[in-house]
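In the two complexes below, chain A is the common chain; its partner is chain B in one and chain C in the other.
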Partner chain A sequence: MSWYSLWGALEIGLIFGLVALSVLISFRILRFPDLTVDGSFPLGAAVAATLIGAGADPFAATLGAALAGALAGAVTGWLNVRLRIMDLLASILMMIALYSINLRIMGAPNVPLISEPTVFSVLQPPGVADYVMRPLLMLAAVAGVKLALDWYLATHHGLALRATGANPRMARAQGIATGSMVVTGLAISNALCALAGALFAQSQGGADISMGIGTIVIGLAAVIVGESLFNSRRLAVMTLAVVVGAVLYRLFVALALNADFIGLQAQDLNLVTAVLVTLALVLPLLRQRLRGSRRRRC
Partner chain B sequence: MLTAHDLHVTFNPGTPIETRALRGLSLDIPAGQFVTVIGSNGAGKSTLLNAISGETALDQGSIAIDGMQVAGLPVWDRAGMVARVFQDPLAGTCEDLTIEENLCLASQRGAPRRLSRALRQGMRQQFRRRVASLGLGLENRLSDRMGLLSGGQRQAISLLMAALQPSRILLLDEHTAALDPRTADFVLGLTRRIVREHKLTTLMVTHSMRQALDAGDRIVMLHQGDIVLDVSGAERQGLDVPHLLAMFERVRGEALSDDVLLLD
Partner chain C sequence: MKTSLSAKVLLGAAALVAALASTAAHAQSVAVTSIVEHPALDAIKDGVRQALRKAGYTEAKGLKWQFQTAQGNTAIAAQIARKFVGDKPDVIVAIATPSAQAVVAATKSIPVVYAAVTDPVAAQLVPSMEPSGTNVTGVSDRLALEKQIALIKQVVPDAKRIGMVYNPGEANSVSVVKQMRELLPGSGMSLIEASAARTVDVGAAARSLVGKVDAIYTSTDNNVVSAYESLVKVGNDAGIPLIASDTDSVKRGAIAALGVDYHDMGLQAGRQVVEILKGRAPGTMPSETSGKLQLYVNPEAAKKQGVALPDAFIKSAAHVIR
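And now, the complex of A and B:
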């Protein structure tokens, strides 16, 4: 594996670190199985690429993408809370609705960003290779989001969000309007996912209608890999763990696809993902057994 | 002060499993009174508490707390007035959150949730003092997850949480039923102490007649969704379990003969 592809894997891994944080909020904190992210990731890409193509400032376009994601998440929440549609189904409805919405926004199945300015090209200092600079910028962005999320979850509002996911009956008895907390949480989650999509489009040279497929699997894979490695319930550790999980996942995939002797090719990506997630799920069990057998020997 | 008038609740109306849980029940509780509620399974005890807290919607009737009409308000909008401890020790707290985070949630009951740091040093010290007063040694485990505590410890913390913020009425829903007898005694003693210290208006549902006599200053017996016995003051002083049991049997017997008549 070359340096170039290693930096590339790091960059994409960090972008999916944002997706992992998004999935951490919906699946783990709110306990809401939210598949909207499969639509809000390309939504972020579509909004950012279209706005930049129309001459908008790349930072403003990225912010706009995040806001669009927040709106999508809020609609999923509204479908569930107000219209009483089952959580999983509400998110699937929003996901397929977004497929058409994304096509409408882009006006075509893809919008290339070749010579247009991006957040990466604007911040690119002279004398540093861009394939090194991009992952470093992403690292700063993900670290910023992680710390902001850690701060939020430790506020009164964040605590109310966690109680809503952990024990909604108790949360209501404590005066928390759980319905609006679900809407808020999904808005934050999908804003992060759309932000990831916007940055992905700007780093990979454009938005594509099919780029969202499997986003949720990658996000879950990152969360599961991170959790099985760190095994802590402290939130600051969990947010770090899922980002590390996303990067590791991407590095493993890059390794597997680059190791010629295994014979894997790009189309095997999803198979590799499935195998990796299975390994991560089995890892805690194996560790437990190993510990058990050691104790018996003593 | 609580004023409940002509409460009606029917579950699954118009179906073969229709249950008329409350049938025109009315109850006035003056401020500072400690009422215990007894009755057999299905008498409507839990439905009464759920109607007051807002978890169950009324078909008919009105509930006022300190003169304010609350029927129709969602649970979270009543939470500033109503404090509650559940029967299931798992229900009243968040097991994934730490003890201090649970207390912090309760310290904001009925208040808007702001974007400011939740746990501060001053708050921690206040929690430490309160938890130490339980005498369970939990004051050194404030940052432990709630899920690590036993059922009795969790109910004790739940009681503490209910009293952290002033409330107009405290609802206790068989909160000692899931505990072993010794722990149940401890939690009941704690309940009486906290109610006395904070002068709380309290409605306690219990399965145990002994408990209903030991705690509080008024006994209400429910049967088939209405009040069949309401004893307080001097009349209650001389009351013992056999008396209560006899009254209970008589009420049930009458109801039974009613049913027999209906069947005939």
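And now, the complex of A and C:
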């Protein structure tokens, strides 16, 4: 594996770290199985690419993308809370609707950004290779989002959000408006996912209507890999863990792409990735067994 | 305690990754990527390989050939692009728009040959179809519409009004319709449009054209190609001749189609790769469109839709469907 592909895996992994944080909020903290992310990831890409193509400032375009994602998440929450549509179905409906909405926004299935300014090209200092700079910028961005999230979830409002997910009946008994908490939580979650989509489009040359396929699967895999490596219930550790999980997942894909030396072929990629992730998942179990057997011997 | 152990595991993983980092440079190497495995895209890949073999570049003579598909996932396409750029091959061949964009965004120096991109200029791969002056060249699968209009005239010589069914949400189709609107009056014909936003709308759109058109022409629109049978039903029932661009539609009941042969497009892209391997700069080579089109004819369908095809026309076809 070359350094270039390693830095690339780090960069894409950090972008998907935002998706992992998004999934952590919906699935783990709010306990809301939210599939909207499959639509809000390309939504962020579509909004950012279209705005930049129309001459907007890349930072303003990225912010606009996050706001669009927040709106999409809020609609899913509204469908569930106000119209009483089952959580999973509400998110599926929103995901389907976003496909058409994204096509409308882009006006075409593909909007290129190869020769347009992006947040990465604007912040690119001379003398540093761009393939090193982009992951460093992403590291700073993801660290900022992680710390902001840690702070928010420890505030009064954030604690109410966590209570809503942990025990909605108890939360209501304490006077928390659980309905508006679900809407807020999904808005934050999907804003992060759309932000990831906006940054991904800017790092890889354009938005494409097919970008959202499987976002939720990768986000969940990152969350689970992260959780199995860092077995902690502390929130600051959990937010770090899922980002590490997302980066590891990308490293596994990069490793799988380089697996041709043992006779594997292009079509085996998904299988190799699945095997590597499985290994990461059973590692803590093996460690536990090892420790257990040692203890018995003593 | 657990956290520090996990940190060790992470360090171990990082060390493993670094250990696998290879620095070897290769004499002649070609890396090919496509967004998904698909008969047309695979035919392009095989065409590139055959062109290389013909020019004497084989693995036995030291060529390093690499192929990766993104399995339909754009994030993997981006990672494949980074991997290829890191491997520093002599040429990267990128098949289909998302893969080509990911590669072109990742390198400004390694020569890139794209293929199966309908509009490389709109996709910002090249500034124009002329020599780009950059590291990018390739073969577009755009159809020359003049040849398509000539085909319509051959099948239905006295046609005046041409109908088109298309998906308004598909960029490629919209661009074909726009060009046809400008080109048809030059040949004494006019265009009548019917849009089908979903595959289930194709039949209704075709029925809305009955009585208004002398023939129906379709581009490689995904909706129309998916639901071509509903178009065939209308054509057969109302006696409207159907002319397609997707050669497979001829087997399904169109009278004729003049379409791109993807294996041939691969050979064409392969010849560009060979020129670059021999030292030519990709920036001096113009983007090409597929020159060689194949004519598919279905005489049975012609009978059903009320057209008598001349024998000479049937004989000129590369494939006659019986």
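The rule we apply is simple: the second predicted complex is superposed on the first by the 261 of 298 C-alpha atoms of A that agree within 3 Å, B and C clash if a C-alpha of one lies under 4 Å from a C-alpha of the other, contacts with A are read in each partner's own complex, and residues count from 1 in each chain.
As a working rule, contacts are C-beta pairs under 8 Å (C-beta built on N, C-alpha and C of every residue); 3 or more make two chains touch, one makes a residue touch a chain.
Remember, predicted model here, so these are calculated numbers, not experimental data.
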{"item": "Partner chain in contact with A:Ile12 - chain B first, chain C second, else both or neither", "value": "second"}
{"item": "Partner chain in contact with A:Leu283 - chain B first, chain C second, else both or neither", "value": "second"}
{"item": "Partner chain(s) touched by A:Met133 [first = chain B, second = chain C, both, neither]", "value": "neither"}
{"item": "Chain B versus chain C as contact partner of A:Met211, first or second or both or neither", "value": "second"}
{"item": "First (chain B), second (chain C), both or neither touched by A:His157", "value": "first"}
{"item": "Chain B versus chain C, judged by how many residues of chain A each one touches", "value": "C"}
{"item": "Which superposed partner A:Leu229 touches (first chain B, second chain C, both, neither)", "value": "second"}
{"item": "Partner chain(s) touched by A:Val37 [first = chain B, second = chain C, both, neither]", "value": "neither"}
{"item": "First, second, both or neither for A:Asn167, with chain B first and chain C second", "value": "first"}
{"item": "Overlap of the chain B and chain C footprints on chain A, listed as residue numbers", "value": "none"}
{"item": "Contact set on chain B toward chain A in their complex", "value": "53, 55, 74-77, 79-80, 82, 84, 86, 91-97, 101, 104-106, 108-111, 113-119, 145"}
{"item": "Chain A residues touching chain B - in the complex, by the definition given at the top", "value": "152, 154-160, 162-163, 166-167, 169-178, 233"}
{"item": "Residues of chain C touching chain A in the complex", "value": "2-3, 5-6, 9-10, 13, 17-18, 20-23, 37, 66-69, 71-83, 85-88, 97-98, 101-102, 104-106, 122-125, 169-171, 174"}
{"item": "Partner chain C, residues of chain A touching it in the complex", "value": "1-9, 11-12, 16, 103, 108-110, 112-115, 131, 200, 203-206, 208, 210-211, 213-214, 218, 229-232, 237, 244, 248, 250-251, 253-255, 257-258, 260, 265-267, 269-270, 283, 287"}
